[in-house]
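What follows is a structure written as structure tokens; I'll ask about it next.
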Amino acid sequence: MEVKNHSQKKVHEIKTRVRYQETDQMGIVYYGNFFVYFEMGRTEYLRNLGLPYSELEKEHIYFPVTEARCRFRSPAHYDNVLIIQTWVSELKHATVEFSHKVIREDDSTLIAEGISKLACLNASRKPAPMPEKVRKLLQ
Amino acid sequence: MEVKNHSQKKVHEIKTRVRYQETDQMGIVYYGNFFVYFEMGRTEYLRNLGLPYSELEKEHIYFPVTEARCRFRSPAHYDNVLIIQTWVSELKHATVEFSHKVIREDDSTLIAEGISKLACLNASRKPAPMPEKVRKLLQ
Amino acid sequence: MEVKNHSQKKVHEIKTRVRYQETDQMGIVYYGNFFVYFEMGRTEYLRNLGLPYSELEKEHIYFPVTEARCRFRSPAHYDNVLIIQTWVSELKHATVEFSHKVIREDDSTLIAEGISKLACLNASRKPAPMPEKVRKLLQ
Amino acid sequence: MEVKNHSQKKVHEIKTRVRYQETDQMGIVYYGNFFVYFEMGRTEYLRNLGLPYSELEKEHIYFPVTEARCRFRSPAHYDNVLIIQTWVSELKHATVEFSHKVIREDDSTLIAEGISKLACLNASRKPAPMPEKVRKLLQ
């Protein structure tokens, strides 16, 4: 897990191996699973900042996804090692947008790319401005 | 959804159609998904008794699964309509065991059969005797 | 399952009940599962046209998803009955875009809306123009 | 990933971190997901023997699961690092049984234990004796 520069943005990389469960009868990774990979990317991006999402939820701060998009460029297969790149592409008062790329390690093929947008909710699950410590780290 | 007699037990039946997401690259339903079908069977068994599980959780009564078993008899495929049969096979002070059969509607092939055992937990998530109203209905 | 008119488009509706497995620890349906609901909507849309997708694959015609987007408007919960509306929003030489709305049956709340775009592949898994019988039905 | 001795058996260990997607509204890992962890354990057990399962399927040898069992001893939570131990507990002419333990890394709590039994199928998906090279490695 390394951090690289991606057009002035901190990009965080993780790797995951495609599970048999994640394939479908077309013999490729089922499209919906890429949103799980995005979630893994976000989790490790935050941990890498010293801000585990599990800690945020213990403080009753929640970041549900409000929008997600993905373009599927090339199929991924069982047992492929995938690199998931994650960076912050937009930061607002109460929302943050992450961008993601999924690349096969073996041959550097771009598999998928997309975004996930999250909104900050407080303990009563109402939209709320992001806590200052969170915003500062995400900048 | 009908109720039939199965060796003196009330058997509750539901139907579900295999989703593309539930298949794997062997072209069959991934084995882990049968435990999701068992969950659907339990949910509808309880609703059929007039006791939706969602209501139980609102009263802070939880029934996590403590044991599950399944024998996979024949593969199921995308778009198959599956009949899920569920009945209570053992009822104790603080646990209940459900038995399940999954049958393909088209040709009556037995696809899978197994059990799921649940323990009753109270609001503080500690093992607790089952509420009387629950036990009575399950008998 | 009925067919309604939605701004000159045939809209096909199905219903599904949220499974416990589909929830996450926020107590709501995990965002990635809405793409599974979209898949169910597409499957039943095609069946309703007399063109089951399972039959297409038997003829070695495949429609993998090339793009997917979803906006999550309101959370859905365990045991909610969801209405999934599906219609064709764009039809091209070799691709088709479906649009989807997910609405809670109880209170008619809009839960999510999005699209899924599919490309036609032939038996050797290469992009190919859509078979004429498929295009005609989708129009 | 190390190999240890477990009552005369080679035990192979892998680690995985609980994904948000794997939790349910009880705030714990959904029971069905442990069978996915078992699959991951089997995949890495075979790779560790120099026999990637992906290679077997390329030679048209399939090992579908015919039976699976799990006892859920203690709940696992989002972001927990889980150790999955896998070993061969029974080897027959045409079937193999794997045993599995899932342990939380932090506090060494036993989370779940179970088995998965697989049958060997040949290219025409019929039961077949296990290829000699497979059996030798599994012994």
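Per-chain residue numbering starts at 1, and chain names A, B, C and D are given in the order in which the chains are listed.
Note that in this section a contact is a pair of C-beta atoms (placed from the backbone, for glycine too) under 8 Å apart; a residue touches a chain by one contact, two chains touch by 3 or more.
Not measured: the values here are computed from a predicted model.
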{"item": "B-D against B-C, pair bridged by the larger set of C-beta contacts", "value": "B-D"}
{"item": "Chain whose average C-alpha position is farthest from chain C's own", "value": "D"}
{"item": "Gap in Å, rounded to a whole number, between the CA centres of chain B and chain A", "value": "34"}
{"item": "Intercentroid distance (Cα basis), chain D paired with chain B, Å", "value": "24"}
{"item": "Distance between chain centroids, defined by C-alpha means - chain B, chain C (Å)", "value": "27"}
{"item": "Numbers and ranges of chain A residues touching at least 2 other chains", "value": "20-21, 25-26, 28, 32, 36, 39, 57, 77-78"}
{"item": "Footprint of chain A on chain D - complex, ascending", "value": "19-21, 36, 39-40, 43, 52-54, 57, 77-79"}
{"item": "In the complex, chain B residues that touch chain A", "value": "20-21, 23-25, 27-28, 30, 32, 77-78"}
{"item": "Touching residues on chain B, where the partner in the complex is chain D", "value": "25-26, 28, 31-33, 35-36, 39, 57, 62, 64-72, 75, 116"}
